[in-house]
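What follows is a single structure, and I will ask about it in a moment.
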C-alpha cells in the first residue's frame, strides 16, 4: 500500500471527471483525486459539512478556523463558492445534484453493493455522509487498494454491514478498473505491468473480461 | 426581554440526564463555552444529539472522554476513538444515523413534520425497526423526528434579540437544531446591536433563541 | 358589518396578546389587531410569505417593491427582522414557533373546527397558509362578525369544507368572546349592550354560559 | 461554461405542454421577463406549479388571463378572480395545496426525499386519495414530492456562475424550486462578477442554475 498505489488510483479516477462536474471526494485517498485533474477540466467540489467550491489547503499561518472540510482539516474556498446548512448540503447530495462521488471501501461486491463504515466489534467510525452520497450521487466511484494484503475486497457478496445496496458504478484500484453492470462486474482496464491472473488471484468476485480490455491511463 | 445572560445563569437550564442537541461538525461550530461549563459543573448522564462526537480534545469529544454521556445519536464517531471504545465496553449507547437523515430528522422535529421518506439506508442496518414505504415503485425508509429539551448552538455574530449569523462552515447543524428544542441557547462569538445584521443574512431568527451568552472564541 | 364592529373585534383580540408573542395575523380584519396592542405589549409579527418583524404600512413614495405582506401589500420591517424562504416560514408556523394566529372564518363549530377557504361552486380563494397556521400555531383565535346578516356562523357542525378539525381556541366577535373547551363552546364575555338572548338568536351552536360571565373590554 | 443567455435563447427551453415551476408570491419574486416571453411566443397548455396565480396583471395571473394554462398546482388563487372563473368553467384544472405542504412537496422533489408527513389538512378535502400514517398516536398525511421539467426563478443579484441572492420577501419559493426541476433558469435583476456575493449570503448555489437572463425590473 505504497504512496504510488494510491497515486495510481487517484490519477485514474481524475480522468473520469468532466469539466463542470459537481464532485464530492471522500476523506483520505479520494481527496487526492483533486490533485490530478486533466488539463482544461475544472470541477466544483462539494464538502458535505456545508459548501460548494472547496479549494486547496491553505498556506501555513493563513488558516481560517471557520473553513474546514468534512475531515475537519483546514481548507480554502474558490471564487464562486457558497455555504449552506447540513439539510441543504444533503438535499444537494440526495437530490442528485452531485455528479460524481469518490469513496473508499472495505468491500465491494458483484451487485455494486458497498461496505465502508464499520467492522462490528472492532472499528465503528459510523457512516457519516457515505450512505447519502451513494444513494444520491449520479455516479459512484470506489477508489481503493485492490486487496487487503492479498485478501480480496472485491467479493461475490459483501460480508460486512452494507453502506448501500447496488450503489457503485465503477471500481478503480491500483491494479484495475472494473465497471459494475447489470450483468455483474466487467474488467475494463489493467494497470501497466499487471496481467489478468494477478487480478483473478486477488479478486473473489466473478469478473467478465471486456472484449476491449485496455491498459489504465495513469499519466 | 433581555436575552443576554451569564454562563452561570445558563447552568440553571442544564441538568443531569437531559437530552441536548449540540451544533457543530467535528467541533467546528460547536459552542465550546457550554462544553466547558458542563464539565466544570459536573453535569452527567446526558443524551447528546449531534453530527459527531468531535475530537478527544474538542467539542463533544471532551464530554465523552470525561464520561458525561449516557447516549449519543450521531452520524460519525471515527475521529474520537474514545466513543467507539465506550460503545464496545457498553458504557455508552450509540445510535448511528446517516448524516443526511440526521439533518432531516432534526428538521422534522423543528418544523412540525411527522417524518420523512428517504432512500438512504435501504438494505442496510439502518432500516432495522423502521417502516418501509413504497412510493412510485421505489422503497423509502420512514424516518421519525428528533427533538431535544435543549439546543446549544454557536453563532458567529448574534444581535441582542437573538438573530444569528453563522460564518462559513460553522453553520452545519446549528440552524436546524435551533428549531428543534424546547429551549435554545446560543454561544456568541460576537454580540452586536439590533440592525447590525442585515435581515437578509439572518440564518436563525431571534424568535427561536431564548438566551445568548457571549465569549465564544474564534 | 360596520367599521365599528370590526374595531371592537380587533381591540378585544389585541388584549389576548402578550409581550414578546410571535403572532401571525390573517389578511383583512385580523391585520387590524396590530393597531390596538395594549401599552407595553410588543409582539413580533410573522408574515408567511417569508419574514418576522412585520412593521407598519410605508409612507407614500417610500414603498420598497421587494417588501410586501402575504396579501401583496407594501409593508415595512422593524428593527430585528429576518427574512427566510417559504419552507422555513412554514417550518416556523407548523413547528409551533408561532404563539398566536388570528384568522377570519366563514364558519366555526362546537368542536373548534373551522371553515374559511372555500364556498364550493362559488368562491374558491384557496387555503393559502391557513391550514398550516391552524395546525401549527399554539393558540388560534378566530376574529369574525358574529353572524352573516343574522344567519349563524357559529354552528353545531360546519357545513362548508373544513380548513381544520378542532383547531380553534377562541372566537371573538363584535358581540361575544367564546372559548372552545373540551366540553364545547363556553360564552365568556358579552359586548357592552349585548345580552345573552341576542347571542343565542345569532348562534346555532350550543353555548355554555360561563359562571363568571364578563363584559368585553374593548377600550 | 457561459450561463448568461438571451431571452430568445431561453425560449428554446420552453415548449407547449410543459410542467414549469415559477417562483414568487403574489407576483413578488416572480420572473416577469419569462412571463412576457411565454406570452409573446404563444406558448400554451402549460402546467404551472406556484404559490398562487398572482394578480390579473401581474405574474402568473397574466398567463391565466391569456388562457395559456392547462393546470395549476397552487395554494391560493383568490387575488386573481379569472383563475376561479376558469376553474368553475372547467377549462382550467386547479389543484389546491396548503402553502406549507406545497413548500415541503417541492423541497422533497429537490432533495431526493420520497415524501413527508404533515399534520396539515387532516380531516379536510386535502386528505382525499392520500395515505394517512399514524406516528406516536398522531395522524399525518403522506405528501408526495413535486418536480418540474423547468423552474423559472427570479434573483435580485446573480453572479456569473449562477449564485443567487434573493432580496427581502422576493425569496419565498424561489430557492426551493431551484432544486426541484430538470432545468433551472434565473431571471436576474442584476448580474455581477463572481466574488461579488459573499459565499455566506448565496441562497441558491450556482451549481443548481443552468442559465441566467438579465433584465428583470425591480
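Each chain carries a letter (A, B, C and D) given by its place in the written order, and its residues are counted from 1.
Keep this in mind: a residue touches a chain if its C-beta (ideal position, glycine included) is under 8 Å from a C-beta of that chain, and two chains touch if they have at least 3 such contacts.
Everything numeric here is computed off the predicted structure, so don't read it as measured data.
K.L.:
When you check each chain against chain B and chain D, which touch both of them?
P.N.:
For chain B paired with chain D, the chains in contact with each are A, C, in label order.
K.L.:
Of the chain pairs C-D and B-C, which one is connected by the greater count of C-beta contacts?
P.N.:
C-D
K.L.:
Give, as an integer number of Å, the spacing between the C-alpha centres of chain C and chain A.
P.N.:
55
K.L.:
If you average the CA atoms of chain A and of chain B, how far apart do the two points sit, in angstrom?
P.N.:
Once rounded, the distance between the two centres reads 29 Å.
K.L.:
Using CA atom averages as chain centres, what separation in Å is found between chain B and chain C?
P.N.:
35
K.L.:
Spell out, as numbers or ranges, the residues of chain B touching 2 or more other chains.
P.N.:
Chain B, residues with two or more chain partners: 104, 107, 112-113, 118-119, 167-168, 199-200.
K.L.:
By residue number and range, which residues of chain A touch two or more other chains?
P.N.:
51, 77, 83-84, 87, 90-91, 93-94, 135-136
K.L.:
If you go through all the chains, which pairs of them touch?
P.N.:
Chain-chain contacts present: A-B, A-D, B-C, B-D, C-D.
K.L.:
Over in the complex, which chain D residues touch chain B? Could you list them?
P.N.:
104, 108, 112-119, 133, 135, 138, 140, 142, 144, 165-168, 199-201
K.L.:
Using the touch rule from the top, collect the residues of chain A that touch chain B in their complex.
P.N.:
Touch list, chain A to chain B: 47-51, 64-68, 70-72, 77, 83-87, 89-91, 93-94, 113, 121, 123-132, 135-136, 161-166.
K.L.:
Contact residues on chain C for chain B in the complex?
P.N.:
So the residues of chain C in touch with chain B come to 19-20, 22, 44, 46, 51-53, 77, 79-84, 87, 90-97, 135-136.
K.L.:
What residues on chain B touch chain A, complex-wise?
P.N.:
On the chain B side, the touching residues are 25-28, 51-52, 55, 74-79, 84, 87-88, 94, 96, 98-104, 107, 118-126, 156, 167-176, 203, 218.
K.L.:
For chain D, which residues count as touching chain A in their complex?
P.N.:
1, 107, 110-113, 159, 161, 163, 179-180, 194-195, 199-200, 202, 205-208
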